[in-house]
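First chain written, first letter: the chains are A, B, C, D, E and F, and each begins at residue 1.
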Amino acid sequence: MQRSQVRKRGLYVGRFQPFHKGHLEAVKWILTQVAEAVIVVGSAQYSHTPENPFEAGERLTMIRKALDEVGIPRERCEVLPVPDIHTHGVWVEHIVSYVPRFDVVFANDSLTKRLFHEDGRFPVKPIPFYDREKFNATEIRKRIVQGGGWVELLPRTVVDYILEIDGVQRIQDLAKSDKVP
Amino acid sequence: MQRSQVRKRGLYVGRFQPFHKGHLEAVKWILTQVAEAVIVVGSAQYSHTPENPFEAGERLTMIRKALDEVGIPRERCEVLPVPDIHTHGVWVEHIVSYVPRFDVVFANDSLTKRLFHEDGRFPVKPIPFYDREKFNATEIRKRIVQGGGWVELLPRTVVDYILEIDGVQRIQDLAKSDKVP
Amino acid sequence: MQRSQVRKRGLYVGRFQPFHKGHLEAVKWILTQVAEAVIVVGSAQYSHTPENPFEAGERLTMIRKALDEVGIPRERCEVLPVPDIHTHGVWVEHIVSYVPRFDVVFANDSLTKRLFHEDGRFPVKPIPFYDREKFNATEIRKRIVQGGGWVELLPRTVVDYILEIDGVQRIQDLAKSDKVP
Amino acid sequence: MQRSQVRKRGLYVGRFQPFHKGHLEAVKWILTQVAEAVIVVGSAQYSHTPENPFEAGERLTMIRKALDEVGIPRERCEVLPVPDIHTHGVWVEHIVSYVPRFDVVFANDSLTKRLFHEDGRFPVKPIPFYDREKFNATEIRKRIVQGGGWVELLPRTVVDYILEIDGVQRIQDLAKSDKVP
Amino acid sequence: MQRSQVRKRGLYVGRFQPFHKGHLEAVKWILTQVAEAVIVVGSAQYSHTPENPFEAGERLTMIRKALDEVGIPRERCEVLPVPDIHTHGVWVEHIVSYVPRFDVVFANDSLTKRLFHEDGRFPVKPIPFYDREKFNATEIRKRIVQGGGWVELLPRTVVDYILEIDGVQRIQDLAKSDKVP
Amino acid sequence: MQRSQVRKRGLYVGRFQPFHKGHLEAVKWILTQVAEAVIVVGSAQYSHTPENPFEAGERLTMIRKALDEVGIPRERCEVLPVPDIHTHGVWVEHIVSYVPRFDVVFANDSLTKRLFHEDGRFPVKPIPFYDREKFNATEIRKRIVQGGGWVELLPRTVVDYILEIDGVQRIQDLAKSDKVP
């Protein structure tokens, strides 16, 4: 008890498709506000679609590599996969049941903010944007499909990992498909 | 048995996001055709999305308030939440299993009509439209996002209830979100 | 708002397989405590199993008939089907999203009490038992399988309805089956 | 149309865990009653449990081998996997949506018979038992766990196939497990 | 074992909404490459939507009729319904569990090819296109909605079957619907 | 790449209801075999049942506290929630998609061993038992229900945490319930 009273934990939810420098800056900033971050990798069951190309395990790996790259110690970040349930009315409770206790939510998205606001148990704080036009996962996936201009938007170790798992070709293949298997 | 033979029941299915004056006119007209209406609040598990902003319980409340407002007695309307199952081939049977026996279906939507037509057990009757261009839930949600011109399209008690539960701000927040949590 | 402040609503959750005199006594007692009861017919998607022989719509019908039989006016009882979700960690929130606002929960079951207790938003009150050994749905289904001694345990209109829908034979057939289709 | 009027099709549903000589006798008998059999391999999504050790594809393979072994021509038997949905109220409609039109249902199980009886669209006929005490999948799985006395209860090609896919060891492993992964 | 070594089986996955001459040519070509085809009718649980108008059983029937029309013997084609699971990360394993063993996958779609490529167990081969602009299910459904020019794109028996089950009117009704029940 | 070649990762799957000294000994032993352990908290969506009393987040917390108690550094253990899917045929692939790459599986349960054995991609190694009769979650939950003799079977910090979250009373309440909400 003692410890959780002194060490505040902040929740940060995203899909991280992929995890980019804007996400990394957000985590760094969150860690100036609280002692520990709980990073939820949402939509964990989905992968191999244009909007969700990477598996949860792959996204966890990207995040771990990026945190190591900038020297954030493991004990300050819990990174956890949580599947979507598609019923927003119970979404906050669903997240709460999958993660350790937290004290504050960090979010910019208006839906995430609204759901936590209606729940009423946790304060919700905005995250300063880090050049959102550029550091934006939708934009990054589009550039990967088009074949250029995305490498500088991701941490170097994440770029290496995406190349290692043949992620560029995967995203391009997904973009070409006109059917869902 | 005696009673169900003399008192006909009509089924009316909708999402009621939100319940507006067109819906209320439909219920009033249905009650000129049958003794009792079974109003199914469909997609009951969904809420907090642009197309389904309100929870099933909130929609039930809207309908109850609107029926009270115009003096329709409770014993003439059963209002029941039913979740979506997304497999249309069993949808009629799914609805049938959630509600009391009914004798006739009132519907204008071509999919609802087709599914009941293929099932073949119930007559399907159209509902006279009540200025459909205006009294249309999609249009009403759009106006709520834009901030005006919707109040006169809903029963007064439904407007009050939406304001009471902060529904305008919710719908505007949902419209601004670019992600699904 | 005014109205919900003066008219308290109580929640009562059950599977009602079938709705018996013990349930009816519980509803009558609840209506001495609050102005309105919200009766949730749980496990709404299940039917035709030994533990859940009746469909949600059939159970709603039983309850409506029993309430009419003893003269409880419709405006005092909302009877609503709610499906199971099997994830107890979000169960309270799931129920809340399906029903109108309520002020107090009436429950004897230790799991229901615990889930609402952990949620913390609603007071939970016990319901006086009405000869629980006899008025017990498991016992009643057993007697129906064995062929006797159950008629006096149910409201007369519920007995008539079960006979009308061939429910005795259904329960006996389900008991004989050694497979699940 | 002409053809379906003259060539009657019969539906036969089972889990076939595994497909034994009793099942094969049933198919042979059904083919004396109708021109074609539609054999539904139910619970298709389940495998690797004590009650459902074999995958749907493995069970389809067993059935095909057994039919070939006794010379039943392929055009007389459609063998189709269908997953469980666990909501018996829509089960008949679910089966109907997965298979070609059929004219009659062959079933001994009281639940299957009841569900089709309540649906009312198809005649349901019993299948003569073929020494049910012995030719019984539950008994056969028990004997496989215990290590003997099961070989003569299955068609020879099914025995060979189970040995080929290491099915004996699988069933024994499943029986030893005290957890579900 | 002997047999599966000499008789190669090829997998071919589609939704077949509806089964057209391009599909039929693909099956004929596949049967020049392998002894047997396993034709998976995907998205088996869906029907009565603009993209998935026909039930799995109806699509199985179309395929059987088309194969009979051109004289492909039943023992060379297994036609099997498989439902969607929407989690692509386990999709290959899901298909594998529903069908008999196969040796090679025939596919043109980039997603299907990618998923099997990442799995790594089966060679994936392209299918020569048969005038893809014309013989394309999306185009065919569009023409059915518009009311003409589709008959020559389907095998004659499939056209007859679609007319027999009132499929043209169904597709036109689905196109008119603005809601999902 | 370099790093994953030199630092081997081992997978360890359990429900950890609750995490006891036997589990902790297993983790300590695994870390003598590999550089890093990926601990999967299975059945993550379930809680508040007699077999699964604790939420995934609570179980993650127990494990973190126990690892800290014995001084296992965070960078050697990834602890991840993964929900059940109930289709064992795709279970290995499901796990693989949720977690970072691993090299070896540590398991004693015959089902887990069989599923990974049939998959064939990962070596599976047994874990030396640590007085299994005593250090057994089923036994521990039974003792908690009965009210004694369990404290010494869990790490001290886990005992404290269970008391802090009122876990003893929860387990006793769940044991008394005769219904599932």
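Here is the rule we go by: contacts are C-beta pairs under 8 Å (C-beta built on N, C-alpha and C of every residue); 3 or more make two chains touch, one makes a residue touch a chain.
The model shown is predicted, which means the values in this text are computed figures rather than measured ones.
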Per the touch definition, the chains contacting both chain C and chain F are A, D
Nearest 5 degrees is plenty: how much rotation brings the CA atoms of chain B onto those of chain D?
180
Taking all residue numbers used at the chain D/chain E interface, answer same if over half belong to both copies and different if under half do.
same
Most remote chain w.r.t. Chain F, using mean C-alpha positions, is B
How many angstrom lie between the CA centroids of chain B and chain F, rounded to a whole number?
46
For chain B and chain E, let me know how many angstrom lie between their CA-based centres, rounded off.
37
Provide the C-alpha centroid distance between chain E and chain F, rounded to the nearest whole angstrom.
43
Residues of chain A that touch two or more other chains sit at 45, 47, 55, 87, 89, 96-97
So the touching chain pairs work out to A-B, A-C, A-E, A-F, B-C, B-D, B-E, C-D, C-F, D-E, D-F, E-F
Counting only contacts in the complex, chain D reaches chain F at residues 45-49, 55, 170, 173-174, 176-181
Interface with chain F, chain A side, in the complex: residues 1, 44-45, 47, 55-57, 60-61, 64, 73-75, 78, 80-83, 96-101, 164
Chain F touches which residues of chain E in the complex?
87, 89-90, 92-94, 96-97
If you look only at chain C, which of its residues touch chain F in the complex?
13, 15, 42-43, 84, 86-89, 91, 109-115, 118, 138
